[in-house]
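Handing you this structure, nothing more for now.
Just so it is clear, A, B, C, D and E label the chains in written order, and each chain counts residues from 1 on its own.
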């Protein structure tokens, strides 16, 4: 009985974690859908956005370190504090500028190239942004607080304690993440399915040349999606940054988002959410069962742990064997 | 006309099928081989060996391996780090279990074991394609690393989970272990590089290579004209992993001497080798060398210039180095998406026309 | 001129910590050069090389800085393992305070490696010692969980803790966290269910921040949560804000700015603009540790010069200096760091010192660490056989014959 | 002529047409709701040129895909040389000696013309993996033998000058020719051609027709041809199947088909000369 | 011959003028070696020539799509309504009314047939009703598309895709359409029909057409003026009438000899009298 309750708690937390993964995966999906580009830099984009947000909130001077090193000055801070809401807006603006630059300097020159080349270019971009983030804002670990609540939700704990005699743990940050993710997904689905821009975006993903030939401006579409993806990255950056501080490792959450994508399908926005939920629950439950002496221990006679890094991928792989395009991905067209 | 092809006629198909059909190329190739085998070992020192030459040679093998898979067979893999780990741990277990057997055999066997593991992880490629496959290969990457970290048998139950290469000799020269001289290490790696390049070249110019390329270019059509996708993909995974395993074995046994799986064979390794393949040129053995050279040399060079020559603080240099490497990758992809190999070819084509523009 | 390369890392997942450590290391030598004109009249040159915590770059850095270098301190267990066999051949000293291969304490096998003042096994033992003290000397029936970085580094204390668990009758639960460790929900839910009395942590990088945050989230009593010294920097606790209040960590060096040396540092290094990175991190926990490593190396150099009767010492002479090193409390006070570290007295067969460490606790309101215990001794009875066993295993594997230390 | 003797006959211009080699019986193929082929039966005789015509989307290419094993019909049987063909993967079908070209050119873009054609000889290659890896005697000998065969085809189709060009760069019409070469290299018993002359001008079509006829003459290769140019179809083929949205609406000699009212309505529009 | 051609077309206003352009692929492969042509407003101009003559390349040069194939115009100029095309990106060219139907269809595979058609209207701003009307018009022209409107374009037959590509171009209400091999792969009566549509659109709405076509027969029946390209050069041009009657054109492009159309079966030797060894 206890195991069942614990299992349920793990499951719910798995769902919540899944939502956090989905936030990162969403950015990938958008860009993939719009350009067929598998944007490895999405994680770094989240890091960059979070760094910028903290920098703006705390009035850090960008490139202070570089300037100081070059001119021997000692500037660090503008000495002002900007409220979170404005800072978020400003950061969103920065992300748009970044999107424009990426389009102008990178994507524009790679029109019509094979997907793997574009993929590689985004890895190059990831390196670049990682370096840029460090040079601009310093490599310190920064604390991010935009006023989101954190920690156990007492309400949930007490209610469940009353009901089941065991209080469930749910992080309030996760609850917020869920709400925000739901809003984002609804907005994005509506956008891509029902608007002209959304249709153009999918057209671009299919065939750059043909899109050009009907007058779709790749430039515009790409700037648009990269801006949106930048904004999604900002949201992901805020969530993850609140949890772990803003630091280099934030960029590695991309690796947690990949199995989510694979499972949900690279091209499906709802897939990113459902995939996230499945992965979140799957990896947490697997870890729970396999590392618990009462479960795996008594069933198999051994326990294993720290499985989460690979289990997500293996789980996604299993799904793919049955549906090679992911759960919700567009069918891969195979014709001759 | 500096570089000429015209007038270089072939009268048999055998001549036409050789690796360097153009005399000038052939001469250049022999010259490089001569320098590599007979001159470099005598002038090599520790720094050059460990900072540049060994990693270059070892990564060249890994790139050839991965190029077979990605460049020739079109199956994108991000599991290279994991497969290198298989090679490393296999050679470690073999070296410690059978100390009397030659390390060369161990390394080849390690390649063979890696090939089997590669084939096993390659099986999903029958269903899964493109980026889905790429991401799926990460399952191999993470699982293998976890496994080697988790199961003490693989690291002979050492307290920390590290593996250390014991000293082994070839023809009386120590090639592994701390006492191995740079030239011995260099020569053994060079030997494997030549072997790998030669085998890869043979495979890719023959029917097997054509099957791979057919699968890469259009898998459905390939199957319809008679390519068995199972055997084509599995041979590609097998051969590729064989080389990658050898590279992993050399990386651990000859180059690093000690390794911890999470650090030495992490996902970054997978990306690094993939980069080499793409920057060098997909589907080109020369490209594998060029890519490996580029990505081994570039950071060393940048570091020496930024820190050594310009005297920047190391952290700034390191961050800017990241930016430069990133920017250069993008730059190269823009200039020539088909890699350094194609760039070289274009240069040759230009030279052929020189001094006329076209 | 004496060369002491600084194999640092200021980028990558652990760059934030690496930066502070490297700054402390650099600044102390800068201070010696600026204030005293070096050591024994020889200026110390500290060429820095970025390893990015990456073993291959570590090897490259080692080779690049090897010429004329005396001693290496790579601040990475992985790179240390790489270098242990190499330094034996190249005859360079490898100094790995508080990290690296624990059994390198055995100087008979590891002639060139020093890991004073404390190693991971010492740390584990001291932590248990502290808990024993807290519980009136009895841990019987207590539950202790070890949350660790699933790598060579994180796995180091397990053997020791298992032995200690047998000896003191507590149960040990091992909870690995796969690097990098951004997501530790499973682990902390497990802790919430199991309700261990204490949690020990061997973490590094983002894993620390997340663990501390998660501990706060599940309202785990922070004073029962003890990290190893690499999980005891300001960087680790700051992101959790108030929640981290009361968190404890081991340390083998003093923290805070209440040491006379900082006056000298200010006049000679910081105010003259010679501080590494502009002196941003002066006084932080990891900075102090970097500085402390430099202090020990400097003292060993001093000793070596004394023994060799020349100021331009060789690595061999430095090794001798290390083996006869004796940093007394008085000497520390003289340096301007009273009570900053334990007494270090090394010998030919003991390359690891006394292994003493103490506990620091985080005060979130003041945003500072407070030292809450004196230096405590590890349990030699448990550790010595382990060290003998592990070093013997290495000796056999690597074909090293023990030297005699008489 | 439809009820020609089982053992074959000789055409007006003196070619030998043999017995039925492939018999398609009651083939039905559906994609979800779309019925691409509805209960179609027809046969192919040894050595003949068999055309399939019909409006766009009629299911001609699908039919070819059924023959080459890429689509598996929901209903119906395929008989080849007197045996019922079981479920087979396309590459196994290819090994039976069925080669084809594709409507939307399916060349291997990354390879040179020569290599593309060499892939056609795939099933004629016997040397093993090791011998290829080490380039031992048999591998090299076989490679050279294959090359000689391929060179003959290259000469035959007059594409010598583009031998080493990557096919991606070739203009459309030449690609079609290379595809034909690749199919020929397999020395097939049955050659399936899906619109081999689309995008060619008259002169090129004449060349192509010549190639098809010569292959047929020379090697007796049975040819199945889909083509929209009625001139070509009527001139080249021995028998014609007409499809219309999945149904078969005609089957017979060019003359019979040409004068079939249903065919005229559905496809030809006007009676062709 | 070129000069007289220029003289004969100069009476009507030239909408599109291509002056002596040279195109190089990949920096080394010279494909067009000085092509000049002029397309009068409201005309149907045909670009004829064998495989690899450079028709597609010419069209792509005009619609500015070469860049994404690593090709570039290195010499000469292309002027549309007095403005140099080089300075425009493909999207603004579409806004100016030039749209291309690409060779090989290039449908958006994952979009449905209807969505494909709607992307054609991407640049239009005249409201949903007008677009709907045009959609109906396209379905009128190609009833088959109406049946398949909900299928993903990737799963439609070759001919259906060709209709989609054509319909998509019509949806943009262009002023000029560059048509690359519209008849390829289409059933005979559909070829006829497509050209009828071209004619209707041309006459009814004054849309100018420049079409590259292999099917010389039909092309010359519907076009007003024709250029023949060989090997990257214009080798002949003239009104459709002139070309139709030119004996060389007759022989090489229309497949007629003095005796009328020959059977394909009777072509006993190759045109260019090449011999093959076997």
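Note that contacts are C-beta pairs under 8 Å (C-beta built on N, C-alpha and C of every residue); 3 or more make two chains touch, one makes a residue touch a chain.
Everything numeric here is computed off the predicted structure, so don't read it as measured data.
*Asks:* Once the contact rule is applied, which chains count as partners of both chain B and chain D?
*Replies:* Under the touch definition, chain B and chain D have A, E as mutual neighbours.
*Asks:* What's the chain with its C-alpha centre farthest out from chain A?
*Replies:* D
*Asks:* Quick check for the class: compute each chain's Cα centroid; which one is farthest from the centroid of chain E?
*Replies:* If we average the C-alpha coordinates per chain, C ends up farthest from chain E.
*Asks:* What is the distance, in whole Å, between the centres of chain A and chain D, each centre taken as the mean of its C-alpha atoms?
*Replies:* 50
*Asks:* State, to the nearest whole Å, the distance from the C-alpha centre of chain D to the C-alpha centre of chain E.
*Replies:* So the centre of chain D lies 29 Å away from the centre of chain E.
*Asks:* Compute the distance, rounded to whole Å, between the mean C-alpha positions of chain A and chain B.
*Replies:* Whole-Å distance between the two chain centres: 32.
*Asks:* For chain C and chain E, what's the span in angstrom between their mean Cα positions?
*Replies:* Inter-chain centre distance comes to 74 Å.
*Asks:* Going by the touch rule set out above, which residues of chain E reach two or more other chains?
*Replies:* 29, 155
*Asks:* Residue numbers in chain B touching 2 or more other chains?
*Replies:* In chain B, 146, 220-221, 224, 313, 315, 319, 322 touch at least two other chains.
*Asks:* Mark out which residues of chain D touch at least two other chains, giving numbers and ranges.
*Replies:* 70, 102-104, 106
*Asks:* Looking at the whole structure, which two-chain pairs count as touching?
*Replies:* A-B, A-C, A-D, A-E, B-C, B-D, B-E, D-E
*Asks:* So in the complex, which bits of chain C are touching chain A?
*Replies:* 10-13, 15-16, 19, 150, 174-178, 180-183, 185-186, 189-190, 192-193, 205-206, 209-210, 213, 216-219, 235, 238-239, 241, 243, 273, 277-278
*Asks:* Which residues, counting only chain E, touch chain A once they are in their complex?
*Replies:* Per the touch definition, chain E meets chain A at residues 63, 65, 67-69, 89-95, 99-102, 106-111, 115-116, 118-120, 122-123, 152, 154-155, 168-169, 172.
*Asks:* For a test of understanding, state which residues of chain B touch chain D in their complex under the given definition.
*Replies:* 12-14, 16-17, 199, 202-203, 206-208, 210-211, 213-214, 216-218, 220-229, 235, 239, 283
*Asks:* Please give the residue numbers of chain B that touch chain E in the complex, ascending.
*Replies:* Of all residues in chain B, those touching chain E are 346, 349-350, 353, 358.
*Asks:* Using the touch definition from the top, list the residues of chain D that touch chain E in their complex.
*Replies:* 13, 31, 34, 54-58, 61, 103-104, 152, 155-158, 169-174, 195, 198-207, 209-210, 213, 218, 228-232, 235-236, 267-270, 272-273
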